[in-house]
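Next up is a structure, given as structure tokens.
So that you can tell them apart, the chains are marked A, B, C and D in the order they are listed, and the count of residues begins at 1 in each.
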């Protein structure tokens, strides 16, 4: 193993979450990209590597990323890549790229417009195409199975879910519990508020990061893992993928002050808290997390950006950003950030 | 989806199934349920071509399991979506068929108060079967 | 930076319809061959990187989710790259970087497409009428090249014949046209004039896989390995005034970058084998110029004088190329993989004697995304 | 089980229809362009930084990363030069409505710097179409100019222009169009 390069987040911005954006995806991204660059005192031409994230099924047309490339001003040509995954994986790719020493800055951006599709239907398209997709099992139904597994194993109650939702959304857990189920045992407050949004993060290496940002958020560790896909072959009450990603990124090496979790459903926070070994001393998802705003594809990158801002602006010392993908928290990415 | 005019994207697909999914679907068409067996001896229903824990290929051959089993986990859908397998309230369930070591996800057609973990269920076969996961119309109480 | 090598290569038999396989089965056929070549099994792999073209081609969104455990990734990292037609190349670059960065030791990378599941032209058109597919989009660029270079009309057909005859030596290639002649190509109907049917790539089902490994792991290999001497990717805006789609700046920059890393100063002299992305025959002379193997307007002369033939000075697409097999998401990776096979000396019947330096190339989108690598039989 | 499905044949395929509803959203910039087209005006945005004129407008200059709006609007002509073209033999697939050969050209509109792809050329035998040929827009009658909706993806023109025909002007010299193949 080679010594790891010091890499930090030096700029982050997101477009304000909305639902029903009228502009193109590229137009939606412009303010976030401009602001992230401005925060790092950089221009597009200064960036050594860019990586984007988008998903064609959100808008129903192929090559969303060919359109959003226009936000980079890629002329002259740039070194750029794209993942059809949450933007947190684009950040991972950029982090890997920055280890090579030939460049010292990178920018990552992600966009998702959920208001133009029926996400519950579209979400079924990421499932096993033979056994699951033809049943059109939607994301809320699969999440409800995981939530019920927690209840049946006595790890949680519906009240626990409502309390998490009340903490994040503001409100009264008792009132939440009077609402009807969407898919039992999940109520509307337990399911994510779907939104449209984009986010951008600027990364820099070593002294360059210190030069660009008064208090860079250093990536102390980052790792991602998957579970097996089919829900009938897994224990849904735990997340091995999050546990291993947490271990590999060094979550347990010190106290985490703030954890921004991509828990799209209130019960997922419980699964993740256990997998990552978070204690009551950790403030979880003060931004509202993925429950309060879920611009699919940007959601995880926003978590990392929010965790970084806790250091850059908030003066915290050690935070964590998390991203997930797939049904029932199948894939998890953990990014541990530290201030100097 | 936000309000306003919409259009429908329609893509027809024709999926080749391969030796394992194809055998399973052939079995469903003929009214029987087949599982695959991992090197470690676990019986997977529905069958995968690989051990989900290791990625290793499953053993040659198939194991027939029962059309009855136990609900291992469930979630109640009071308002089915238009594409869900049933158009009335139903439960999604992870059903462990007798003889299998993994659970099959499908719909259970039963009243809400009958659905619980541990519930015994059996396959309700579709009358016109073609070799498809929906040849199992749903599960019902034994 | 950690030295990185290709220690295992595997590909499927590419066909119009691999009706004998599921989607997972298609990837596993290539992956298992790569693992066997690397003398490894699933448990040896640290991470998997997959790539494919747009999801609507197969109708599976973010297929790494469904494929994770099919590729041995329970408890492991898997990610998916998508950069249009260049994706097979850029996926291999991302996998290389995972090793060269020191983050992982053994990475399995797979590019795939199961085009037969859906309809690609329909998919490219976003599910609407009037889609002209990639050929219709690129045809005006090829016409502009022919016009500018004043190239004779038999050059495109000559490339089409060369690559199809090369494919006869490649057991995995899709199209096998043993009797093809220039006259036959010239007589085949136009699809997107000036592009004739026999000058166009097929639609294929297929996958390509490689195992990339650190120097420590590669040194322990009992087989020859291919050392990565450079990787580069470039993207440029798809449409703006003054962009030249005939010889895009992104392709030139990508080549300059990768040659600089590999110490290549005179490509035509320094490179022994070229695997470049030629889905329509005219792209061979276009890329020969764009990648610096020939001067502006001179690329077609390398076709005419046999330089790019098997046995020529710069054998190009001796595997049969994209014109013979086109599982889109794998097509770029196949270029990279075939380059690696050549310097490993393991290309079988289409092995170029004494190949020491090989270049793999892929492009995509509106000829705006580029990926390249240089591999050699010796360490950097 | 019916006789039809009772067979010993091994099941090797399954079919799957993926039908998804998407909301039609046309961005304000493209909606305005569409409205202008229906009134018979082709408009673009002139970048305040580099001065290049984009038709249709994007709402930004992708080269300069500068936001543009109606303040930067310019009208261009409905005459153009063919910068390159192809004759398409339509591939038949489910949903394809085209049957006969047709010409698609990339055009450089007079007054614009960006070219427009995939424009129909009619009124001339296919083998007489050439690079540098001058063409004029054939407009649809006002009642044929439908609101574009989801089809307006930021490139191409709208239903307001049916196709293009030779204008009868002499061909443009190569240096005027060869930088504008795309």
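One rule holds in what follows: a contact is a pair of C-beta atoms (placed from the backbone, for glycine too) under 8 Å apart; a residue touches a chain by one contact, two chains touch by 3 or more.
Values in this document were obtained by computation on a predicted structure and should not be read as measured data.
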Chain pair, C-D or A-D, that carries the greater number of C-beta contacts: C-D
Of all other chains, the one whose Cα centre sits farthest from chain D: B
Where chain A and chain B are represented by their mean Cα positions, the distance between them in whole Å: 31
Distance from chain D to chain A - Cα centre to Cα centre, in angstrom: 37
Residue numbers of chain D (touch at least two other chains): 12-14, 16, 18, 20-23, 25, 62-63, 94-95
Contacts with 2+ other chains: residues of chain A: 57, 60-61, 70, 73-75, 115-118, 121-122, 125, 129-130, 133-134, 228-230, 233
Multi-chain contact sites of chain C, meaning residues that touch two or more partners: 19, 22-23, 56, 58-59, 69, 73-74, 119, 122-123, 126-127, 237, 240, 243, 366
Chain contact topology (line, ring, star, complete or other): complete
Residues of chain D touching chain A in the complex: 14, 16, 18, 20-23, 25, 27-30, 58-60, 62-65, 67, 153-154
Touch list for chain C against partner chain A, complex: 1-2, 22-23, 54-56, 58-69, 73-84, 90, 93-94, 97-98, 100-103, 123-124, 126-127, 232-238, 240, 243, 248-250, 253-254, 257, 365-366, 368, 370
Interface residues, chain A side, partner chain B - complex: 19-20, 60, 115-121, 124, 129-132, 134-138, 141, 144-145, 147-149, 152, 180-186, 228-234, 236
List of chain B residues in touch with chain A within their complex: 1-2, 9, 15, 17, 21, 25, 44, 46, 48, 52-53, 73-79, 81, 83-85, 92, 94, 96, 102-107, 117, 132-134
List of chain B residues in touch with chain D within their complex: 1-2, 4-17, 22-23, 25-26, 29, 31, 127-132
